[in-house]
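So, here come the structures, one by one.
In what follows, subunit A forms one complex with subunit B and a second complex with subunit C.
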Partner chain A sequence: MKAFLNIVSRDLRLALRQKSDLTMAVLFFILTAMLFPFGLGPEPNLLARIAPGIIWVTALLAVLLSLERLFLADYEDGSLEQLILSSTSLEVAVLAKVLAHWLTTGLPLILAAPLIALLFNMDSDAMTILLIAMILGTPSLSLIGAIAATLTLGARRGGVLIPLLVLPLYIPTLIFGVGAIDAAMNSLEAGAVIANARPHLLLLGAILLVSLLITPLAGAAALRQSVE
Partner chain B sequence: MSVFHRFANPNRFLKLTNQVLPWVSGLTVISLAVGLYMSFFTSPPDYQQGESVRIMYIHVPSAWMAMFVYTSIAIASVCSLIWRHPLADLAAKASAPIGAGFTFLALATGSLWGKPMWGAWWVWDARLTSVLILFFLYLGHMALMHAFEEQERGNKAAAVLAIVGFVNIPIIKFSVDWWNTLHQPASVMRADGPSIDPSMLWPLMIMGVAFKLFYIVVLLIRIKSELIEAKLRKYRRAVVDKAH
Partner chain C sequence: MGNSLFQGEDLTCIRGGRTVFLGLSFNLAQGQALILEGPNGSGKSSLIRMLSGLVRPKLGKLLWQGQDATKEPEIFQSHIHYIGHRNAIKPVLTVLENLAYWSGKTKDDPSLDDALDHFRMLPLKHTPANLLSSGQSRRLTLSRLLASERSVWLLDEPSVGLDVASVALLEEVIKTHRSKGGSVIFATHSPIHVENPNRLNLQDYSPLYNKELLAIENDEESWI
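Our next item is the complex of A and B:
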């Protein structure tokens, strides 16, 4: 547990000193989302209808951008080898790195999402569901992405490979993330919002649990291979 | 000794392959010929879909193979990671392009079938989408396998990816039951027996067997050529070493 916290705080400190990395994902998220009203026209009803999809797709791409640096710096400066040699369980270390990644990418995206939702004219019920869906969904994005990040360590064109490996695995999160908000927006009575979105939110939770289980195992296996 | 085992095993495998290959190839040709004849001439046209139902005899076996080959890759990957079996890596490597080919065939024939039946080349239905994801998983698997300087690392990384991607297979199988979508639900492999008429089931089954045999033939040929290539590399290195 102590090792876990040590790794998390180390990664957070590193991220805070490199503020450009920290803000890049959020800026990318806001800027690309802002492009859509220009591309599709500023009609408020249309924007409200497509907002869930746009927010999720741009959030997904923003996470994708940040994945390469998740393990690459440690791999290049040799601290990864030290980590593998140390007595810390590698599975725990992977989870710690993923948590730090989520705190520096997923969490800022969640905080920025209401802003975009406002710009896209989403109502407050849908916005609540959007936040719940993102809280359940973005950790899965970090977890699944970590697998691809560890697998491509040392690969030629690793940065190009990551999207090819990760995007197919991100699709379920995207489907249920958007589905939850759509269900909330389509519910006619005010009380039915949560009930309608519930199946989608439960599935998002299921994806999170499965990736919580798979990522430490697959990530640790891939890290061991990368330094062999 | 371990070196011996490593080389003994592929040689034994090659010997076995050479014995088995002519028989399997013959069976493939026969079953493919019979299956194609039955599906194009003796099986009846559908009362609703007419002659276009014959696409099914290519489409359904391709889709089965798309999932079957991915499952084989996942099993081979498990064997490769746990027992470090050298042939398992080769089998996974040789299977991936075949599986991608079958997946593409399933998507393409499905699209050709969808146009007259649903009125669209493509719909974003659960099963179609999950098969498309499977196609991209194949592509990612192949790209990752060839992305490293050392082939060994590529094999291992691709093995981990194949096992992770396996979660998609049950999703494809049950997508049509879980979500009520445009693609029809399972009509052959279901708990209460097939709901499809024997006059259509038989050609379909024979085509399914023919596709499996075809996969085995191509797989064996590809593994064989990989082994021969490895041997050639070894000889070439020996010659170069001697020259120095």
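Our next item is the complex of A and C:
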């Protein structure tokens, strides 16, 4: 546990000292999402209708941008070898690194999401569901992405491979993330919002649990392979 | 065999389909120094990585205190320090933060100061590591050896980038380590002086340099 917190705090400190890395994902998210109203024209109903999809797709791409640096720096400077040799279990270390990644990319995205939602004229019920869906969904994005990040470590131009590996695996999160908000927007009675969105949110939770289980195992195996 | 600490029997390393070395055996006792020699590409780094447990041997056995540890390098990994070509230094962290992280100690631990002092890095304690020269980075990496105590040191060309005075510091540190019963295995091209070392020339085990092995290798490949 101490080793886990040690890795998390080191990665957070590294991210805070390299602010460009930290702000890149969230700035990308905000700027890209802001382009759509300009491109589609100022029609409030249309914007509100497509907002869930745009927010999720841009969030997903923002996470994608940040994935390469998750393990690459450690791989290149030899830290990874030392991490594997250290007494910390590698599975725990992978989880710690993913948590740090989520805190520096997923969490800022969640904090920025209400701003984008306002821009798209989303009502407050839908916004609440959006936040819940993102809290459940963005950790899965980091977890699934981490597998791809570890698998591409030895490859030349691994950064190009990551989207190919990851985007198909992100589709379920995207579908249920958008589905939850759509269900909330389409519910007629105020009380039915949560009930309508519930199945989607539960599925997002299921994806999170499965990836929480698989990522440490697959990630650790891929890391061991990468230094051989 | 009574005092044998770390032992390898008939080790074979195959990387990327090429046999790097085969049939290599060694025996390391407490307090011993083993110097790996051989031309470029003869497998010194591969052997050191194998001994650290990063690379598994294709054939042969690794024994730690007589116990077979080939499949479970975890048995000995908590007793070794591995220093490879790369320094594992984070440029945005200070010298002290880098050292504290790898030794698993808090920054106010006095043993960290001691370790830095041995390699004359104490004045640079609070300097961000991206301002260090390559020799200073190497000295910071080497001070990891002292920040936490491990019985076997595996050093892959530890003196790269070091000036003459720093090599002398390294020699002194190795000497103290051995006098306390520690052992060291290192590969080097520039001379590092230690008292009565054992030597292992990788050239003898490499099919690249030892043509007799080439026949065996081809023979074995037909088996595989």
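Just so we're on the same page, the second predicted complex is superposed on the first by the 228 of 228 C-alpha atoms of A that agree within 3 Å, B and C clash if a C-alpha of one lies under 4 Å from a C-alpha of the other, contacts with A are read in each partner's own complex, and residues count from 1 in each chain.
Convention: a residue touches a chain if its C-beta (ideal position, glycine included) is under 8 Å from a C-beta of that chain, and two chains touch if they have at least 3 such contacts.
This one's a predicted model, so the numbers in the text were calculated from it and none came from an experiment.
**Q** After the superposition on A, what does A:Gln82 contact: first (subunit B), second (subunit C), both or neither?
**A** Second partner only.
**Q** Could you look at A:Arg17 and tell me whether it touches subunit B, subunit C, both or neither (first, second, both, neither)?
**A** second
**Q** Looking at the overlay, what does A:Ile147 touch: subunit B (first), subunit C (second), both, or neither?
**A** It touches subunit B, and subunit C stays clear.
**Q** One more residue to check, A:Arg156. First (subunit B), second (subunit C), both or neither?
**A** first
**Q** Taking the superposition as given, does A:Glu228 touch the first partner, subunit B, the second, subunit C, both, or neither?
**A** It touches subunit B and subunit C both.
**Q** Just subunit B (first), just subunit C (second), both, or neither: which does A:Val210 touch?
**A** first
**Q** Going by the contact definition given at the top, which residues of subunit A touch subunit B in one complex and subunit C in the other?
**A** 228
**Q** Taking the touch rule as given, give the residues of subunit B at its contact with subunit A in the complex, in rising order.
**A** Checking each residue of subunit B against subunit A gives 81, 129, 133, 136-137, 139-140, 143-144, 147-149, 153, 156-157, 160-161, 163-165, 167-168, 171.
**Q** Quick check: in the complex, which residue numbers of subunit C touch subunit A?
**A** Contact set of subunit C toward subunit A: 52-56, 77-78, 80, 82, 84-90, 92-93, 97, 101-102, 104.
**Q** In the complex of these two chains, what residues of subunit A are touching subunit B?
**A** 147, 151-152, 154-158, 161, 164-165, 167-169, 171-172, 210, 214, 218, 221-222, 225-226, 228
**Q** Taking the complex as given, what residues does subunit A use to touch subunit C?
**A** Checking each residue of subunit A against subunit C gives 3, 6, 10, 13-14, 17-18, 73, 76-79, 81-82, 84-87, 227-228.
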